[in-house]
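What follows is subunit A paired twice: with subunit B in the first complex and subunit C in the second.
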Partner chain A sequence: MRRVKGVLAPYLLILPGGLWLAVFFAVPLVFMASVSLMTGNLIDGFTMTWHWQNYADGLDVYGDKVVRSLWYGLLATAACIALAYPAAYWIAFRGGRHKSTWLFMLLLPFFVSFVLRTIAWKLVLTDQGPVLGPLKSWGLLPEGFHILDSGFAVVSGLTYNFLPFMVLPIYVALERVDHRVIEAAYDLYAGRFEAFRRVVLPLSLPGVFAGVIMTFVPVTSDYVNASVLGGPGNTMIGNVIQTEYFTNSEYATASALSFTLMALLLLGIFAYARALGTKDVLEAAGR
Partner chain B sequence: MTTTLTAPNSAPRKRRHRHRPIKGRGLKIYTVVLVAWLLLPIGVMMLFGFNDTHSKQNFQWEGFTLHWYAHLFDKKDLTTALVNSLTIALLTTLLATVLGTLAGLALGRHRFRGQGLANVVMFAAISCPELVMGASLLSMFVATETPRGYLTILAAHVMFSVSFVAITVRARAVGLDASIEEAAQDLGAGPWTTFRLVTLPMVMPGVTSGALLAFALSVDDFVITNFTSGATQTFPLWVWASTRTGTPPQVNVMGTLIFAAGVLLAVGNVVLTRRRARAR
Partner chain C sequence: MTETSPAPVRDDPGWRDDEVAAIELTGVQKSYQAYGETVMAVRGVDLAIHEGEFFSLLGPSGCGKTTTMRMIAGFEEPTAGAVFLHGDDVTGVPANKRDVNMVFQSYALFPHMSVFENVAFGLRRRKVAKAEIAARVGEMLEIVDLTGREKRRPSELSGGQQQRVALARALVNRPRALLLDEPLGALDLKLRQAMQVELKRIQREVGITFVYVTHDQSEALTMSDRIAVMNDGRIEQLGSPRGIYERPASRFVAGFIGTSNLISGEVAEIAAGEAVVEYGGGRVVVPAGDGAALAAGDRVELTVRPEKIEICTARPERGSMVRATVSEVVYLGTSTSYIVTTAAGDDVTVFTQNATSAEDVAVRGDQVWLSWEPRHSYAIGAA
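Up next, the complex of A and B:
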């Protein structure tokens, strides 16, 4: 009797959540895939014509935006790793009793809404703001100097917004490193640098990997930072997709571009997993 | 794993000074600077909630006032948006926690055919760009002529929260000792009693952090909400729309109050847990 129940139990448990994900995650993707192959407009309606040209046209017109998004995504992710790693390292190994307090401090931005955080970052970077204002009045920067409306502003905003996503997984990985393994490296006459490079760094890579997935994907497809900080000259693919949907009502093109973006990001992640030699992507990301 | 070598017959003592990982001083200063950098925009946001500004753009400091605190709810549609955000987040938390906990238990406590597929779908739902999820939901709602509004936002929020809850609960459920549940059943407890009195309390920390995660994700979501909202406004959407015309200081005040409430809740939670742990 209990055996039979035991066989059915997991299916009954997973059914409600699974159905919800099927209806509102999987099915919409199928809808989007089909819309991306349609032709038409909002007034006459869209009809399925297997119009693969939508993909070619989208890339033709907006290819430069795709490349720019990937480039910004790479820069911001790299900046996040460079900024997050030393802090995560210090907290994990030298944080002492106050580890969780330090970590909490680094996660504080999460208590401010994402859009509002971006606006606040714009306030910091404005021409007469708390950073540029004093520097200009001390004569360290020329009066006409500005940061906003540039690619640098967008990448800095992306880095600022997503840094905590990188700190957390790296910290978790470093915190798990068994100190006796490092001892062993020293006993085998490794110097400090050597011990870090050949013991600590490899052991922390799953954390970096999880961090990259958690930052690169949302950063590359973001359109809030480019819109608030970048001005008209630094738009990313997310801005294009958003405009195509809401301003131009070009659903077919927008769907094709969304699908292209997703495919590129998935390819990127899997290529990255391969390069890193991570056998189980799921496991690494699940940490 | 914070203790450094305590094994009784380890390397001779003189080596110990070399054993320390990289010295702390420089890195400590760096971490302090990084925290300051992260907090600077938040400080600026708080400060401009006290700005006695008269222009539409709240970018220039013009003097201190408490005016915006006194007139916090003057902008009716902003208040409505905030209330929408909070109720949607509460309902999302409720639904996603129930669905996610059940799924997490299935994945953590059982082995079954299709488990691999379920894990892949969860991973896909977590790592899929929000933009793509939002765009695909919009495609579906447009194609099926579903009117967009409060309910479509709610459905979308439950969708992206449920996998996060499931994964936190799964992580907690995986390590549990099955013999405890068996003992409860041997003592005559039915499946429901066993679940309520034994299984649920054991996975409760996972459920709580999953629920908190769901609330945080929902209340702050912008991208997916942007695609599924129709005419309904939430706090992030309202703030986004205001960037075109000028963000009123009330937004800064609300941001400040939400920040304060969140930090107080988090700190209070930690203090309470510590006190309870000490009482034992």
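Up next, the complex of A and C:
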């Protein structure tokens, strides 16, 4: 009996999580996949017709939104790296006894609702708001200048909202770098920059790698920032899917677009992992 | 102790007048601020190390030996005093501009690089030509017996192999001196002993000055040309392994290096350059002119090493003679260790080689005489 229990233990441990994923992830995913191949409308109902054309039609009509989403995703991810790396570096190496305080401050915005935070940005950045208003009245900016309703506003909002997802993995990677290894680099004639370039940076790349995956995927499929900050001219594919599903009740199109986006993201991530996720890249960076 | 001059360092007869020390420290001190208090890690160290010497800094943890080495490497700057490398004052020169290399305690290999790249790191920073890098790394890996493992990662190597990569990574740069911070500490006993021999061989082969930090006295005795025994931020004694073992300068050194018996008594008389010290119904004879000159009536503390003592059944004719009772006999194969209690109540350890006799010279409870020659005990200070 004990032996049977011992054999079963790993499976019993995975059971709750496995069931959860099966019910709330796998089943809906299969369901949505089948919807994406149906035809019909809300009144007559949807029937399975293996209508692959849904995918081609979706890309045909909204291809530019897909491209824009990937582009915004790349921009916001790059901006996140640029902002997060120095911050994480500073906390990891110069944070001293207050490391956890600094990290907590970075995470503080997370305690406020995602939508609320974004709306707050809208209030701050309106044409006559607390930032642009005074600048315009002092004549530092032309009257017509605006930030909202621009791609810049969307990418900025995305960067702000997903920054912690980049900071945390980079911080963890930097924190794990052995100080003696850095000293060894100094000992072997590396100056401060060389030691960073050849040792600290390569050793922190796995953190950057994780951060990129953790930000790029949600940023690309985000719809809140585009709808709050972007105005009509900067819609992302997330907005399209939302509108198609909830407003137009075009379930098949919405599903097809969702799967298209998912496939593109998976492809992108795998290509990225193939190219950068190997030990040789780290060594090349250190050479 | 701030006003220590560099002069006493060179009192050692081994120094030629015009000799330039590979490494010289003069009046070096290091203090830290910790929780509002000043902690003195190094309280004033003067030492000079010969070119090509295997020099050890030996002492218990917290004695300042690692801090001293880190000041030579350039990772720490002395609060006072100066560091010279080949006569050049390098105080304030950063580590990457000092011509010394270090082997770290836990090796600190670059985990993201292959063995080859680890060893090539210093040469690449110095912009050595590619072909020369390949040749020198190859040659160095051969010396440390790692040929054929160039492409491995540090994590794929055993502890002993990682250790040799660390050694190669430092030596390939042909530094003026190599600093080793407890490099064998993480290895098991067998490997450690093998590596001790290996290190000594490599040092002879490359002819570079080695400064070796260790808390393991047997390691220091085995490998070093000279040893500085450190305690509480100061050098207690500096000398050859034999000198330090045979003639410990202080109670601390006597206790830290090997096993030492400490006894104390009153000087009864001085005769023919020897002091006779009353001890537990017997007497101990020591050279009178050794260290501080002794006078009748002084209370002194004496040391004698366990292997110098002979156990006799009859009262010895001359030299030291101490009455004692055997309280423990431990058979160790090549030798037998006796714990005997002297008439004065001290426990004294005696080692006897089992070269000829198949039987122990005494058993538990026996009344015996302990005897040793005058030159084998030293007065190390007033008791």
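Some notes on this structure:
One rule holds for everything that comes next: the second predicted complex is superposed on the first by the 276 of 287 C-alpha atoms of A that agree within 3 Å, B and C clash if a C-alpha of one lies under 4 Å from a C-alpha of the other, contacts with A are read in each partner's own complex, and residues count from 1 in each chain.
By definition in this document, contacts are C-beta pairs under 8 Å (C-beta built on N, C-alpha and C of every residue); 3 or more make two chains touch, one makes a residue touch a chain.
From a predicted model like this one, the values you see are computed outputs, not experimental measurements.
By the touch criterion stated above, A:Arg198 is placed in contact with subunit C alone, subunit B being left untouched. Once the two complexes are laid over each other on the shared chain, residue contacts for A:Asp178 go to subunit B and to subunit C alike. In the superposition on chain A, A:Val35 makes contact with subunit B only, not with subunit C.
With both structures placed on the common chain, the touch criterion links A:Phe152 to neither subunit B nor subunit C. More residues of subunit A are in touch with B than with the other of subunit B and subunit C.
Within the superposed three-chain model, A:Leu108 lies in touch with subunit B and out of touch with subunit C [touch as defined at top].
In the superposition on chain A, contact of A:Leu188 is made with subunit C only, not with subunit B. Across the two superposed structures, the residue set of subunit A contacted by subunit B and also by subunit C is 178, 180, 183, 186-187, 282, 285-286. Against subunit A, in their complex, subunit B makes its touches with residues 1-5, 7, 10-11, 15, 18-19, 21-22, 24, 27-28, 30-31, 34-35, 37-42, 44-45, 48, 59-60, 98-100, 102-103, 105-107, 109-112, 114-115, 118-133, 135-140, 142-143, 155-156, 158-159, 162-163, 166-167, 171, 191, 216, 219-220, 222-223, 226-227, 235-236, 239-240, 243, 247, 251-252, 255, 258-259, 262-263, 266, 270. Across the complex, subunit A meets subunit C through its residues 178, 180-181, 183-191, 194-195, 198-199, 202-203, 279, 282-283, 285-287. The part of subunit C that touches subunit A in the complex is made up of residues 73-75, 94-97, 101-102, 104-106, 108-114, 117, 121-122, 124-126, 153, 169-170, 173. Against subunit B, in their complex, subunit A makes its touches with residues 5-7, 9-11, 13-14, 16-18, 20-21, 24-29, 31-32, 34-35, 83, 86-87, 89-91, 93-94, 99-100, 102, 104-106, 108-117, 119-121, 123-124, 126, 128-130, 160, 163-164, 175-180, 182-183, 186-187, 192, 196, 200, 213, 217-218, 220-224, 227-228, 238, 241-242, 245, 251, 254-255, 258-259, 261-262, 265, 269, 281-282, 285-286.
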